[in-house]
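Working notes for the structure below.
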Amino acid sequence: MKLHEYQAKQVFADAGIPTPASTLASSVDEAVEAAEEIGYPVAVKAQVHVGGRGKAGGIKLADDREEAEQAAEDILGMDLKGYTVETVLVEEAVDFVNELYVGVTMDRGEGEPVAMVSTKGGVDIEAVAEEDPEAIAREHVDPAFGMHPFEARKAVYDAGVPSEVASDVASILTTLFQLWDDSDASDIEINPVMITSDDEVVAADAVMNIDDDALFRQPELAEMEEEAAEDELEAKANEYGFDYVRLDGNVGIIGNGAGLVMTTLDLVDHYGGAPANFLDIGGGAKAERVTNALDMVFADENVDSVVFNIFGGITRGDEVAQGINDALGQFDEIPKPVVVRLAGTNAEEGREILNDELVTVEETLEDAVQRAVEYADAEVEQ
Amino acid sequence: MSVLVDDDTRVVVQGITGGEGNFHAEQMIEYGTNVVAGAVPGKGGQEVHGVPVYDTVERAAREEDADASVVFVPPAFAADAVFEALDAPLDLVVAITEGIPTQDMSKVYKRLGEVDTRLIGPNCPGIITPGEAKLGILPGNIFESGDVGLVSRSGTLTYQVVDNLTSRGIGQTTAIGIGGDPIIGTDFVDALELFENDPDTKAVVMCGEIGGEDEEEAARYIAENMDTPVAGFIAGRTAPPGKRMGHAGAIVSGSGTGTAESKIQALNDAGVPVGDTPNEVADHIEDFL
Amino acid sequence: MKLHEYQAKQVFADAGIPTPASTLASSVDEAVEAAEEIGYPVAVKAQVHVGGRGKAGGIKLADDREEAEQAAEDILGMDLKGYTVETVLVEEAVDFVNELYVGVTMDRGEGEPVAMVSTKGGVDIEAVAEEDPEAIAREHVDPAFGMHPFEARKAVYDAGVPSEVASDVASILTTLFQLWDDSDASDIEINPVMITSDDEVVAADAVMNIDDDALFRQPELAEMEEEAAEDELEAKANEYGFDYVRLDGNVGIIGNGAGLVMTTLDLVDHYGGAPANFLDIGGGAKAERVTNALDMVFADENVDSVVFNIFGGITRGDEVAQGINDALGQFDEIPKPVVVRLAGTNAEEGREILNDELVTVEETLEDAVQRAVEYADAEVEQ
Amino acid sequence: MSVLVDDDTRVVVQGITGGEGNFHAEQMIEYGTNVVAGAVPGKGGQEVHGVPVYDTVERAAREEDADASVVFVPPAFAADAVFEALDAPLDLVVAITEGIPTQDMSKVYKRLGEVDTRLIGPNCPGIITPGEAKLGILPGNIFESGDVGLVSRSGTLTYQVVDNLTSRGIGQTTAIGIGGDPIIGTDFVDALELFENDPDTKAVVMCGEIGGEDEEEAARYIAENMDTPVAGFIAGRTAPPGKRMGHAGAIVSGSGTGTAESKIQALNDAGVPVGDTPNEVADHIEDFL
């Protein structure tokens, strides 16, 4: 779960990290009022879960009322990489002489958290990591002990942070780690930490992503989750509890188990088709889940055919088949051709039950995928 | 004939009184697994499927001389259950639970470095030595005893590949589902090492997927240390960067690491043929035998 | 630093551990009022830092107003092992069927905390530890990880706590450990945890001792420290910042370094004398510290002679000698004979400086102690 | 000629810009100790007594090839300073600081089990190899090079015993003050093992005191493993139970453990003569040589 900048900044500020004065606004009037109160110059910043907001026109500086009004008008309601901007953060524009990067994330390969500090702040840190890895000081932290103060200092001095602000930056990093730990964060970062001419440090941006698997014990953070203006289908998948990713193709894919679904996608591609989605319905395949999955795939207007690939482990193939029959039986007319492949426990019994007026049954994964690709191609040609 | 588990393995089922634990304990017992105890706090003294339940894993291990456990405990309590098994101590813990918070697993991972216990999982289907023992949720009926070791990050994909093998009459020594999470106990290299050291394993299937660097590390290990032939499969060739493909670990980062291309390339460079389809993997294995 | 029962109970209650209803009272009227409000039976409990209060008459049960008044009258103002009782806790008397012991302490030998649970609660746990060690379940805790929930459960089940309350007791133990950790406690225990007939668990007593070395980061707990009615001299030592223990003998002892002072005590005993105190003035021996130390020892009316034993390490002997001269020079008459032994750096120079009208100078430790014992014996004979 | 430290030991002084650190760094340098750096956050680039100061221990160790440190850091920050030295990593850390919270030391103790660094202290006077190096606050002038190893829980008592030895012309290989706290790094057994393995140490003085079980453990170690003769001293025979005698570790518990009697008995049983006075200890050592 991603926090918005304004939410993360509130969390940071509550923990004692210096942040610029700011106010959230969801209308031009509110934005102008906020700017007048804060005093110019201000930054007007789109609050959407999109990287590279600045380049995309989602952040504008304003030196006076007129500019603030213009900025708010430009940004509110704009489309940023598919997301509509509904709120902006109006923030004191900090006059800085230097920008740093400070962050904490999980190093999955090492299985432990890593703190990072760089004097190349204010730019895309992944690009820095790629082009100039030495410019980022990394300090791994033992998850049992938590971060020792010396580790924060070491990262800061190793990064070459100017000595005038080293202690303040180390203190921010220690706080960030504590927040990361207490909040079950996956990533937490400030990019940039601005250094002013009188050696003040200020968190000018704020990123905080929470481990979805830990939201059950982070009720306050979970409440911050907003109905994001995300893809309608992805919102529906969330509601149904499916792992779903929308893609660009026209072959709808439903399966059980992440690896098997990915493999089905790959095979669609292998046989010349283009997958429309990743949809993992997980273990078991009761009628309701099957219905919901079909509902989702059919709701995607790009879909021209569907391949349903279930490998029954503990789940029995005959039960799955019954679920598919029930789900499709509810339609007067099946919207798009559906190919079903059942394997594993009681697969044969399942194939016998399946109503071949509703679906096309194939025995192997390869055949099923090829058939679905054929159907999709045929739809396109029509 | 196998690695890690066989018909001598004495298994505790953690969470045996829960829905999942109860069902799969029965399945394991039916398969012939030597399930000797259950462990559930507050349920000590009960019996489930003829197996005695204890309040703590330590007591279950002591009273029933158990050496392994399978964890069917909800995600909020699963890391604690693994810590308990490490403390008992058992030799092997198989954590089936999906959705354990990553920070919990990071602490478990640290602890694993301090003890002698091996963890498989979490978020995995478990481990099976066909005809002898299964610890987890794998469907026993699709496996057959034989010469091929199998290690995989994915559940149903494993079944698919096993199906391709078994239908050709190619059996398995042991199949290990290492799990799809970013932080896991036994990784590819660990599993490959076990198979390399098992005289009965004549060939190995390794099913990887996008995300992380484990497959690349495995490729290095194979090139440097393995005589047993390995065939590979990598799921997620068509996955776009930044999108999580179901498994928490299956994500290609924006900077281009963890891609299927990089993994396939690394495996090919290590002399490992990678199938385009599960069936092609079975072809390669057939060639090896 | 020791918390009083009522303070520890407040801390426990704030952390969610069930405690009986109770009110602190410092007069009989207050105590009766409290008892009336709580309802009978109540326990009236002396709030002093003394073990075995119950046996010594510091805890009484009262079934009605009259008994409550009598109990408060008996206990308030009583002398408990040298401490005057100034406050009592009036508490709901819990009707229990079973008593447990639950505690957390530092196992110094292992260097890690240990949690303890026993079904032999309500009695002296050290006696249980001595006579029936198996009756106490012990679970060591890794200080880096903190207590895992399973460790609390294990201790509880290993101790044989009845299954009806096992989960509640494990939860109390988990909370106690967290408190121990968060509060820099040295010991924390509940003896007894009472179990009622309807399987409720209640903390009927509360012990919480804080590591003095950590009080600097426990400001809230440090504030709870009360001017205890402790030995006047020990209070003075606290004020001066000396390590001081009052003993029964008549040879006053001042020295630098715990081991050397203990050795001086042992030698006094070895040569037939009886040490009046342990007083370590620590490193350096500036005039002021010397003055304060002499002030303390002379203030002890039991003291008949004083031995001043300084081994100068980094501290120079001539500086110490000057300090002793200055300190004793302030007296018109030296109250008791003082024997000084200086060794180490610049000891000879020091001995030359020392004014032998004020003190007797000896070169070896053995001679100094023997001389002080002789002086003390001579005083006694007068 | 020594254990742990000699004139090759390259020493970092942690806290060299503080009062204590500054003073004792100078004393150590005057004694001939090879002090190569100081480490104080925020003071990197300064120089103290001709020694360069670095912001971190790791950098001091890297730039100056240091292998040991002495910690003169206030109690609130001392455990962190020790962790930093363990992480650098150095081979030896000597923590002089008194009053470190016990829970901090418990965490340090856990960490010590995971690394190869040796810790001496805290709350100790340090370690000295006469004529070569001293790391700590011991007064160099009372020591003399010779054949006797010395290990002690106390500072000034150590000086007293050394004085008794040196005044008879008996010199020392190395003297180690292990500190008076309940949780310490190097304990009696560790120090005795070092002396047992040092061919130049012909006899050992061990100064214990009331509290804990370390002297009893040392007695067992001596009986089972030592050929080098040991003479002992135990301070606190007259200490009443329950009263803390200065050192946080020097307390006889109510249940009678940690008494001087028990320690003296254990040492005697192990063949170790225990002096009634420091001078008697020197007598025993004289007999050994």
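By written order: A, B, C and D. Residues from 1 in each chain.
One rule holds for everything that comes next: contacts are C-beta pairs under 8 Å (C-beta built on N, C-alpha and C of every residue); 3 or more make two chains touch, one makes a residue touch a chain.
Predicted model, so just to flag it, every value in this text is computed and none were measured.
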item: Furthest chain, CA centroid comparison against chain D; value: A
item: Result of counting contacting C-beta pairs for A-B and B-C, higher pair; value: A-B
item: Centre-of-Cα separation between chain C and chain B, whole angstrom; value: 55
item: Distance from chain D to chain B - Cα centre to Cα centre, in angstrom; value: 50
item: Gap in Å, rounded to a whole number, between the CA centres of chain B and chain A; value: 28
item: Multi-chain contact sites of chain C, meaning residues that touch two or more partners; value: 142, 144-145
item: Per-residue overlap in chain D, given as positions that touch at least 2 other chains; value: 107, 111
item: Pairwise touch network: line, ring, star, complete, or other; value: other
item: Chains that touch, pairwise; value: A-B, A-C, A-D, B-C, C-D
item: Residues on chain A engaged by chain D in the complex (per definition of touch); value: 145, 148-151, 153-154, 157-158, 163, 166-167, 170
item: Residues of chain A touching chain B in the complex; value: 106, 108-109, 111-113, 126, 129-130, 142-144, 181, 184, 186, 211, 213-214, 216-217, 243, 245, 247, 255-263, 265-270, 275, 278, 280, 311-314, 343-345, 364-366
item: Touch list for chain B against partner chain A, complex; value: 23-24, 27, 75-76, 99-107, 109-111, 125, 137-139, 141-142, 152-160, 163, 180, 182-183, 207, 209-210, 212-213, 233, 235-240, 243-250, 253-255, 276-279
item: Contact set on chain C toward chain A in their complex; value: 142, 144-145
item: Chain B residues touching chain C - in the complex, by the definition given at the top; value: 41-42, 44-45, 55-59, 77, 80-81, 83-84, 87, 107, 111
